[in-house]
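Got a structure for you, questions after.
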Amino acid sequence: MSENVHPKSTSLAEFEKAANEKLPEFVRTYYSHPGEGGQTYRDNCRAFKRYRLVPRNLRDVYIRDTSVTVLGSKLNLPVAIAPTSIHKLGHPEAERATARGAASMNTAMVLSSWSHFSLEQVAAAAPRGVLWFYLLFYRDRGRMKRLLERAERAGYTAIVLTVDTPLFPFSLRRKPVVYPIQFSLPNIWLDDVAPGLPGSTEHDAYLKKIVKEAATWEDVKWVKNNTRLPIVLKGILSAEDARTAMDLGVSGIYVSNHGGREQDGVPATIDVLPDIVRAVGGEAEVYLDGGVRTGTDVLKALALGARCVFIGRPALWGLACNGAEGVQRVLQIMKDELSLAMARAGCAKISDIQPSLVVHQSYYGVPPMAKY
Amino acid sequence: MSENVHPKSTSLAEFEKAANEKLPEFVRTYYSHPGEGGQTYRDNCRAFKRYRLVPRNLRDVYIRDTSVTVLGSKLNLPVAIAPTSIHKLGHPEAERATARGAASMNTAMVLSSWSHFSLEQVAAAAPRGVLWFYLLFYRDRGRMKRLLERAERAGYTAIVLTVDTPLFPFSLRRKPVVYPIQFSLPNIWLDDVAPGLPGSTEHDAYLKKIVKEAATWEDVKWVKNNTRLPIVLKGILSAEDARTAMDLGVSGIYVSNHGGREQDGVPATIDVLPDIVRAVGGEAEVYLDGGVRTGTDVLKALALGARCVFIGRPALWGLACNGAEGVQRVLQIMKDELSLAMARAGCAKISDIQPSLVVHQSYYGVPPMAKY
Amino acid sequence: MSENVHPKSTSLAEFEKAANEKLPEFVRTYYSHPGEGGQTYRDNCRAFKRYRLVPRNLRDVYIRDTSVTVLGSKLNLPVAIAPTSIHKLGHPEAERATARGAASMNTAMVLSSWSHFSLEQVAAAAPRGVLWFYLLFYRDRGRMKRLLERAERAGYTAIVLTVDTPLFPFSLRRKPVVYPIQFSLPNIWLDDVAPGLPGSTEHDAYLKKIVKEAATWEDVKWVKNNTRLPIVLKGILSAEDARTAMDLGVSGIYVSNHGGREQDGVPATIDVLPDIVRAVGGEAEVYLDGGVRTGTDVLKALALGARCVFIGRPALWGLACNGAEGVQRVLQIMKDELSLAMARAGCAKISDIQPSLVVHQSYYGVPPMAKY
Amino acid sequence: MSENVHPKSTSLAEFEKAANEKLPEFVRTYYSHPGEGGQTYRDNCRAFKRYRLVPRNLRDVYIRDTSVTVLGSKLNLPVAIAPTSIHKLGHPEAERATARGAASMNTAMVLSSWSHFSLEQVAAAAPRGVLWFYLLFYRDRGRMKRLLERAERAGYTAIVLTVDTPLFPFSLRRKPVVYPIQFSLPNIWLDDVAPGLPGSTEHDAYLKKIVKEAATWEDVKWVKNNTRLPIVLKGILSAEDARTAMDLGVSGIYVSNHGGREQDGVPATIDVLPDIVRAVGGEAEVYLDGGVRTGTDVLKALALGARCVFIGRPALWGLACNGAEGVQRVLQIMKDELSLAMARAGCAKISDIQPSLVVHQSYYGVPPMAKY
């Protein structure tokens, strides 16, 4: 590894610290940014601690296999990269570096439409990577059709639709944002001439004109009917919506509260997971992001029914610290920690991770403690 | 807007901060003043955080309508102004400014009997406003009759009776209060010659002579029989009293603990709301005040069955910062925040706000966290 | 009142502060002294805050009557003085001053056997007071018989037996205690020549010889059979023991954990009260001490079934601040606060205080808050 | 006692403080070392506080007997010494001193395989002590057989198998550890020539070669079939594993989470104890370690079904402070505190300690408090 590596970072918490020391104020704030009072943002992490592991002993766990199959792709670990925007804020190689880091660990990455590199460029940077594309809803369905075709052609294996952002930041802000770096948005601009820099009033107006805010189930149906790729809905928190998605033939329910950046006061994702898993009833795969910081967190999410979890900010910390190698290291830590947690819980392979491994602390009448 | 506006105040918390910086110690303390140990005062705000939103996605929420009909009046938002006393402490234009602020947003205001301007003066200041009058109980029913007639004539559309103050501060205090400003109480003095300044021993004795403390259900019946206006009871916390009120034909149950200023140790209003709504069973409208500080709070209260919520201290913060415009701005923030929270919850109009949007955190076994 | 009065003390919390400023370190520590980690000591006070008042409104509460009949004696308020030892540490007039303070408010006082003045002296100091005598168990039943006769003759109206101290401090300590003042123990020494000062090794040995530690139900039976006065058992925390007491014809169950000074980790008294009241089933009166600091606390205890509550440390704070007048003032504050709390709860007399006035916060799923 | 004694240490908390002041940083950290975020480490202690004692009064408890029979051996108190490694870090006499301290109080000690003195040397140092041997699983069963025979011959009366450490620290660490002292591991090295110092890369590789990590139920069966001593499984947290152990004829279930040093996020031992006791159903004895710091903790554990509890770190604090005498003193404190707690709870002997003595605070709806 290069001298740029932070060899001491042996946990995601240390990567967070290192990234926060390195990044300029703007980016640091942009990354962490919680909504309103930050209740959900903080609760995402804390909620994991409320689930207790009840390990099983004396199983043969000398060799563990952390691999899992997600929408037909085999991943070496059940931890993939959540879609986040503008990786160039963290590293000049941006989404290409993140994709290379994910591919090097043989796990998946969801490429955001808000990326500095085109979906083809990212695919080319990580030719053997498992890539999913987060597609925006547009007013012009021709635009959507073209993007779906490009994603299919470039080898993306799933389409992710984000459903928890009916109104986008560009639609809500009152004054322009000046980013500390310049970047392009090739997956949004397509053949347009972009009017001004991203964050400018002109650019916001342009986005408002082309993006379809407040999309509906009809739009999901349309996407489903216009691609051969499986559809994943990201941002589902209610069992009711999970059922509706099942009726539409959605392949993946991605439980997320947008990292606590959108509506504050919604539950932690790990807390709603069991209800969603019950509602889906095995008809689709269920994923989760929000607050996953340790291998123990991953183990808990899988025990509660997630097929795979996603990490957003931690990947950006790795990227900011050391590009693709940083992303790789973050994923390696998650794999090592998960492997150790599996050993201690008596699980040799992912399918050994059963619901009975986890008990909510309320089972013991356990109240919270100030220092958790 | 005038240069007096605080353009940075984009949340009620910022208005609170700005008002507390501007107001003299006496008024600051007078406004916030919690009863006894302040348990209920603090709990009012915190309780909202214990209810979690479970948003519905992919509804068409591009355009939202926050309007609601309250006792037959259409309001542009389900947030109105609670009765508070002596607005002149915050702004020389006092209740006239508050009423103008409310009217400019097309919402309702409850005028307190403890106001510096007469009910006719306030009505004249906001001719298109929706105004309710908070009537004191007097020993002399002729005095009450005259006030009811004046309120009707001046266009007030409801009579609010406060039931959680059987003994008034003037009755409990042991030494006179010296207010930092002079003000009159035209809705109490009527044709009397007021003996001394408000807060003085003489004036307290005068109040004690004319006001009927510890009013009873018989007094409510009398008011009901002596006005054509609908009656609202403010300060109800028990389902039992809500049922009694229904039997008497009361039109509105206004859940309140007097902002935590009276009896300490009573529940937060949002916590008792569901029981009250159940007891009322649709026979009257149910309102709430106490701790409402964000659009998300409003959404939660409406999901739990409130027809409309009231804000007390936040309106005074707005008034103190910038008179009518400050009040208007506070209401505008509430409207904008509610509209955004509705969008994110999947609600295009008020009637879309259903009980299933809200789950108490105890459903998830969620314990509290130190920082909420 | 004398110039020694602390006119600013309008709450028991203020009396605590004033007493702690005035008293020497030894006494301050002696008064507050919690057992082990202090969990029960702190919980006694905090537990009251977990019970919420649900007031009833619009009752005629203009005039309230706080009087109550306890074991046949009419008290002006349902707050009496708990037995505590060596009042001379707080004031030279010691138990005589405390008794005068209680009598001046027409409430009861339990005189401890560990008092500086004899039971006759205390009775003479407060001739119209309601006095109960806390009798120690002695190895020599003749000694007990003589004390019972003296208590009866002196006009005491109940015998209190403390059951939560099977081993006394004199039995547990390893080195002598040197008190900052000298005092006698006439209700223990009787006709003995006391060997050394209280707290000395000789005196401890003497006590160990005459006092019967680890008394049993048989001893209670003996007392019951050897006095015409009603028996009160102080220190009961289990429903099982309350039932046994009923079978023995005990007249009063006094729920106490010794102010958190003995066994740590036992429940707050207000928390066990409902179970005890249920177990007693009206066959005896139920009292409580531990953490009562406000009129609201009193109201809650009565709603949960206590006939009367006792205050220990607060009476000592009053005594330390201003002798009999300080005790009187502490009781007057409790009476005023209770009266106000009754008014706000809709109760004109003690029998109006019903169980439905109080709800445990867990009913609302309310979690604790850091600042309570 | 020597001048080295800490006469002021009258509680285990004081021993902890004294030991931490005396020990070098390396050892202090080595002793306390919690896993991951330390949640379980802290919860072990705090959990005890969530169980409340409901004492019974008026029992004859003047004389108490704290003795108990554990696997057929009579111990003077139900508190024994948990297996911990390398006592030489705390005192030059190491395990010999600890064993002498335990024997002087007539209680049991579990000798770890990670000890500086051989099992024969330790047995010789405490000829009348009750000793159990914690055996590692080895790849070479001949090695295990030889150790079992040596333990039997040296008078050990039980074999303890630790089941919560499928992967050992030597297997997980990436860089060598340099201990501040030199020590041998005679119960592991046997006839081998140890390659390098403990903690070195060579030594770790050697351990990895001989120790069988991730042992299974088959290994337990083999041990059971190759010794006449009763088998105790240490580290059981699930009722499922407790049942499996019963089917294999295990004699003791030792509930432990390794002092919170291994997998973080597992429940406090006192919290899982009731489930384990229920699962075992009287077919074996149940023990517990983790967070036992006071006699009250011991009382609670016994009321919830433990036959005996073990202390790990507290024994090391005693050892570090004053060798065998320090260990003895720690045990004496536990005995005295237990005896007092028994008196106050109405228990004259261990069999009087019944489940009804303890209530979880959730029974009272009691929320946590910041300061516990």
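Read from first to last, the chains carry the letters A, B, C and D; within each, the first residue is number 1.
To be clear about the criterion, a residue touches a chain if its C-beta (ideal position, glycine included) is under 8 Å from a C-beta of that chain, and two chains touch if they have at least 3 such contacts.
All values reported here derive from a predicted model rather than from experimental measurement.
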Copy-to-copy rotation for chain A and chain D - C-alpha atoms, rounded to a multiple of 5°: 90
Same or different contact residues where chain D meets its copy chain C, judged by the half mark: different
Separation of mean Cα positions, chain C and chain B [Å, integer]: 43
Distance between the centres, which are taken as Cα means, of chain D and chain B, whole angstrom: 61
For chain B, residues contacting two or more additional chains: 361, 367-368, 370
Complex contact set, residues of chain A against chain D: 49, 51-62, 294, 296, 300, 340-341, 343-346, 356, 359, 361, 364-372
Touching residues (chain side chain D, partner chain A) in the complex: 36-37, 39, 42-43, 46-47, 50, 163-164, 166-167, 172, 213-217, 219-220, 233, 235-238, 240-241, 244, 262-268, 271-272, 360-362, 366-368, 370
